[in-house]
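Multiple structures follow.
Below are two complexes that have subunit A in common, paired first with subunit B and then with subunit C.
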Partner chain A sequence: MPDRRTIEIRVKRQDGPDRAPYWQSFAIAWRPQHNVLSALMEIRTNPMTTDGERVSAPAWDASCLEEVCGSCAMVVNGRVRMGCTALVDRLDQPIVLEPLTKFPVVRDLVVDRSRMFEALKNLRAWIPLDGTYDLGPGPRLSPEVQQFRYALDRCITCGCCLEVCPQIHRDDPPGTGFVGAAAIAQALLMNLHPTGQLNADERLDALMGPGGVASCGNAQNCVEACPKDIPLTHAIGEIGRQTTIKWIKDIFVR
Partner chain B sequence: MARPRFIVVGGGLAGLMTTIRIAEAGFPVDLFSLVPVKRSHSVCAQGGINAAVNWKGEGDSPWRHFDDTIYGGDFLANQAPVKAMCEAGPAIIFLLDRMGVPFNRTPEGLLDFRRFGGTLFHRTAFAGATTGQQLVYALDEQVRRHEAAGLVRKFEKWELCSAVIDEAGHCRGITALDLTRMEVHAFPAAAVMLATGGPGMVFGKSTNSVVNTGSAAGAVYQQGAYYANGEFIQVHPTAIPGPDKLRLISESIRGEGGRVWVPRDGRPWYFLEDWYPAYGNLVPRDIATRAIFKVVFEMGLGIGGEPMVYLDVSHLDPVVLERKVGGVLEIYEKFVGDDPRKVPMKIFPGMHYSMGGLWVDAGQKTNVPGLFAAGEVDYQFHGANRLGANSLLSCLYSGQIAGPAMVAHATGQATAPADGIFEQEARRQQRAYDRIIAMDGPESAYLLAREMGEWMTANVTVIRDNRKLADTEQKLVELKDRWGRIGIADRGRWLNHDVSFVKQLWNMLELARVITVGALRRDESRGAHYKPEFPNRDDARWLKTTKARWTSDGPELSYEPVDVSLIPPRPRKYDVTDAAESHA
Partner chain C sequence: MDHLETKTYDVLVVGAGGAGLRAAIEAVDQGVSVAVVCKSLLGKAHTVMAEGGVAAALATTDSRDGWRVHFRDTMRGGKLLNDWRMAQLLAQEAPARVRELEAWGALFDRTPDGRILQRNFGGHQYPRLAHVGDRTGLEMIRTLQDRTVQAQRIDVFMECTVARLLTDDGRISGALTYRRESGRFLLLRAKAVVLATGGIGRAYKINSNSWEYTGDGHALAYDAGADLIGMEFVQFHPTGMVWPLSVRGILVTEGVRGEGGVLKNSRGERFMFRYIPEMFRGDFADTEEEADRWVADVIAGRKAEARRPPELLTRDVVARAIAQEVREGRGSPHGGAFLDIASRRKAEDIRKKLPSMYQQFFELADVDITREPMEVFPTTHYMMGGVKVDPESQAATVPGLFAAGEVAGGLHGANRLGGNSLSDLLVFGRRAGAGAATYARAQSGEPGVETRQVDAITAELLAPFERKGSESPYAVQDALQDMMGTCVGIARTADDLQNALAALGELRARAGRVGVDGNRQYNPGWHTTLDLRNLLTVSEAVTRAALARRESRGAHTRVEHPDSDKRFGTVNVVVRRQGDAMTVVEEPIVPVPGELRDILEGKD
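== the complex of A and B ==
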């Protein structure tokens, strides 16, 4: 049972990318409905460690506070999750907060996840529109395909799936490491759209190279860690199948 | 002049749409955003986007959409831009559909539409109940395509400091703070778009994201941009109260059959259905919010005596709920812990949206030449009360017309800006941050912000009273004074949130004054602005747009007439079916 009078939080801090990490503990008064981010906000109003030292407040990323922007992924009590939905009353204390380990630390709990956005660029994860002028309605789509695409389109690019993936390493040189489950699912999202399908091969080509879908080690941690229940392993399997078919087709075409 | 570059500040729907339109015309864009654009606040929009395609065969039309919007906004919006927006609605939905937005479908594979507040038609296209998220992603993908082609440069985790304004009063670019390196840089542009969203944080707790401070609007307001109708603040009837924010429970819940009730004499009393038989639970937000206030505070019927009422979907088919509003129910489940499919949700109204914003003309131009505004930060489309699912439309429509308007502005520009204005403004802004970083007083910026939010929520939201508004204005002056005695805990020059927040807080206080003084001055009740002392709409005196101009002594208000050339104002009464339904 958590202590109902105070909330104790230990934060792994790091002043900058090349600085050594260190730990600090903070305590705030308990109140109902606290989550990890609201607790950090409370610390910020008077940042003082439990040793009575006045310090700068820990830095973290946050925006929507309702698990739709994807900002606040962090490691809470050893498990990667979104800080906003980590409700204090359901956590053991002291609550231990650490930055994601598979991304470069910028400061404290803030990490640089730009590799995820770069991956989307490399995969050409978009529908190549002729233009934004009025060209009438889009293609018809069955409710079943729409529902599956919707599930894939709820990816908030938080990085939880990369954090738990054994194939992802913090020091992967840019553009060479495994692309990760999130991006593969986005390729499928595009390939399932009748217009997006016209360029499916480009996305599959990108995923057939180094760091592509074949680099998946099938640990299946990603689907467990995803806060939005995205069918990631299904997506990896399906893209794997599509790349295999394309590989065979390419042999005959050549 | 070399090929013009453009600046867009804000990576939500309006900013992304503006960016796409400029890039599509072949011009380069520098896109600035506090967060990676995919994380912008537009992702929080839930229920859907309105467009009168009449795919349910109900006799809907853009004109009816226009009429609902004007009537819902209590006739305060200028009518021509609203009409143009409603007419553009269907093509915008089709464009989104072509971009791959996974809108819900009918069995025939067509777009599905649902009902929303303030209309009797099924007019709202939706992607589950996370429509804003899907829309942002679709536009984000298009912007990434232009980025890959070299037309768009993103400056993510950068914050606007100021517009760069030349001697003639023309906007020539911006200064912005790199929130990681804490350095100010100046960026020239042929035209600047401000698509920086609403000011929810001025109210402390709201349904908004923490990035929605309104700081950018506050900054350019202090540089001479007019802020219009600031006093019109929408309080959404259904949100989950929380210590850190008020989490929205979408109007689509009621669109899909959710019912609002309180226990009375041991039985559920569906007071909205009782009072408003035609619209029932789907009356506009200002009406529903005031009804909940009446039930809770005047009649003392809140659940267990607390300020809460029930929003109930437990009678609806859980499979349909999952497909149409699953994303919203998930938020309730994750933050409250109860399953709304089984137990009624407990909700209360929460500050949600600003109808007011930067004054713009029909081409989204502010009064500062070269400075444009679109999305929630402009005041254009929603009058005194916004209808649900019209905000996504107004963001996209305003961005869509602003992009080409900015390009047109650039081609008319003959002279290059004077040398040195960029360096000068960057130095001025850097000095402002240097002063903040040295602040050494006893006050906490975060506690001052909390105090401001509590005052604004108590006195400048649902029910307004002139004496309390005057007290609030005094309080804001006091808070501005105490701002000067803030102490900074963090003096580092690397990702220092305290420093940027202190600057934001000043801008928030400036906007809070605009909102408060505008409300104080407007002695009538119209849409979301309700004064029991003046319970009626007063068209003779107040069918006017409030325009606030910054002065060092506080906002100077002036008023301009509203364009009512297309639909003559009529009384707004949702307890009877509106007369216009038959004459439109």
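== the complex of A and C ==
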């Protein structure tokens, strides 16, 4: 049972991308049903360490506060998760907060997740349309396919799946490292789109290149860490199957 | 002036929600250079929280639907105070915008034969909301974000806030911004600026909006000399959580009451029976026994013989009732009413019928709605009022300034229908992007930026660092939010509104004394200090407009004028800056032309 009179939070801080990290502890009065973000907000109104030193408020990312936007992923007591659903009363104290380790730190708990956008660019995980033809009444799509796509569609680009993946390294040179589970699932989502299918081969080509689906080590951590229960390993398996078929087809066509 | 990072574009879009991204995509498609600035990260804007869906008369679920019906519903919902041309454009263009979004990769729930499934929603005559589960906003943002990422000519400045718009001889010439992370200033010169900054919810303590909603666009436009209209119309959702803090303001869906949830005060009374308006008396149950019978019938899937429970009265009635109970001292411990479904339905039924509600409050706050009542109070949800714009191009009254989405006024009139906000973003985001691109192309040469103007602004922005420690920005914001909730909430009196004006004067003085510690690098205290200026401006605009509209209409209720007044049905209340003073004038609205009036009267 943690001490119910106070909540103690240790934050791994870092003043900038090239600065050395350091630790600070904060304490606030216990109130029922705090989550990590509402506790951080309370700290922010009067940022004073447990040593009585007045400091700048710890920085973190958040937007919706209801686990839709994916901003507030952080490492809480050693485990990556969303800050808004990390309930204080269910955590051992002191609560230890650290930034994601697989992304460059911007400041304190804020990291640079542009790697995730770069991965989408590499895989062309979108529908290329130039707006020059009439879209008509729109494609038909069976409810079954829609349901499966919806499962892939819940991604909030939080980065939890990359954080736990052994194939992802913080110092991967841009564009060469493993693209990661989130982007692979998005590529599959687009390959299942009635218009997106027309460019499925381009996405598969990209996924057969360096950092593509073959870089997956099958550790299956991603599917465990995903806060939205996206069937990531299933998506990786399906993309693996599609790339294999394409590889064989390419041999004969060549 | 130190070296100031400066970049130049044709069009600058402020905000990366649905309207901002759609505007940027359109402008870049028209061949101009575009930058987007947003306070948070790309893809995390407030739009992601939209759940219901996007209203568009696709007629895929009910073939009787069409733009005329959508137009009529929108105008009726807005109590005919809408800009009729905007309502018409919304109804006519929303289907194409939704299909376009789908073509770009967005996913929507389907009918059994594979077409887009549309759901019913309050105020819409036919099922009209295209949706994907309860995550439609996220889907829209993801699709638009992908489209933005693939466009080569859109520069995105994330975690960057616009401090002031710049003008040159009355025309827009750009914006001075600061990067939240480094605290450095960034000057973005632009021929045209599109405001797509969303709403003002953070002026109130109980609100359902993201932290970004500090009325930035409203205040920037006002400062630049643009007209604001309809500022008295703030939409409150009757049931937002008030406790615990971790979920304060989050919406509790009407579905909880539809499934039998009841509202009670601190004495355990089901008070809604006392608030049934005369005109609805015949339609609502007047005893608990009858109300319970209705619920039992509905749950069993039988046609209900009994009348509906009064908890299902319209949003404005329920919201006013809760506020009155609290004001008269019968509130819950944290200043709300109890919304109890736990004692009415079996736990497993609640989990089955209201899965997202159950899961959300359990995960975010350890509140088990199957075991305990919720504490709810009306939560500030949406701002109907905003920048006065030309319906075709979304141009504001200042040359070079455009606005789209929640920050723009006119479309929703006195009250917005659910689902119309997402179609608003797509239809008018696109129009604003096109309008801004066309305007920018027509300008010869770069608009000028005066160093003196920029120096004066940067000095003002940095002033809080010189005033160490006299007043905390959070304390001032807290006081403002409390005051707005109390004096400019759902039911407004002239006395309260006058008190609010006096209080705003004092709060402005306090805000002028706010000091900030530390340096400019990611300093949330400093950011809050700068937000305060905008919050105070929009709060004053809401208060003054509310004072001017001496009637009750849509979302605006004046206690001493409980009925609508025909004369006020023909005017907009316009808020405008004159020197340092905020002025309020009435301006006639453009009458609906004959053929559209026939549609309103049901002759379609």
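To be clear about the criterion, the second predicted complex is superposed on the first by the 250 of 254 C-alpha atoms of A that agree within 3 Å, B and C clash if a C-alpha of one lies under 4 Å from a C-alpha of the other, contacts with A are read in each partner's own complex, and residues count from 1 in each chain.
In the analysis below, a contact is a pair of C-beta atoms (placed from the backbone, for glycine too) under 8 Å apart; a residue touches a chain by one contact, two chains touch by 3 or more.
Model, not experiment: these values are computed from the prediction.
Of the two partner chains, both subunit B and subunit C are touched by A:F117. Of the two partner chains placed by superposition, A:G83 touches none, neither subunit B nor subunit C. When both complexes are overlaid on chain A, the residue A:H193 reaches subunit B and subunit C alike. Of the two partner chains placed by superposition, subunit B and subunit C are both touched by A:R140.
Touch criterion met: A:E67 reaches subunit B and subunit C at once. The residues of subunit A shared by its contacts with subunit B and with subunit C are 15-16, 31-35, 37-38, 44-46, 54-57, 59, 61-71, 85, 87, 106-107, 110, 113, 117, 120-121, 124-129, 131, 135, 137-138, 140-143, 146, 149-150, 153-154, 156-157, 189-190, 193, 195-196. Here subunit A touches subunit C in the complex through residues 15-16, 31-35, 37-38, 42, 44-46, 54-57, 59, 61-71, 84-85, 87, 89-90, 106-108, 110, 113, 117, 120-121, 124-129, 131, 135, 137-143, 146, 149-150, 153-157, 189-190, 193, 195-196, going by the rule given at the top.
Across the complex, subunit C meets subunit A through its residues 29, 40-46, 48-49, 96, 99-100, 102-105, 107-116, 132-133, 135, 137-139, 142, 146-147, 149-150, 181, 210-212, 244-247, 250, 360, 363-367, 472, 474, 517-519, 521-525. The part of subunit A that touches subunit B in the complex is made up of residues 15-16, 31-35, 37-38, 41, 44-47, 54-57, 59, 61-71, 85, 87, 106-107, 110, 113, 117, 120-121, 124-129, 131-132, 134-138, 140-143, 146-147, 149-150, 153-154, 156-157, 189-190, 193, 195-196.
Taken in their complex, subunit B has these residues touching subunit A: 20-21, 24, 35-36, 38-41, 43-44, 91, 94-95, 97-100, 102-111, 127-128, 130, 133-134, 137, 141-142, 144-145, 147-148, 180, 209-211, 242-245, 247-248, 323, 327, 331, 334-335, 337, 400, 444, 446-447, 450, 489-492, 494-498.
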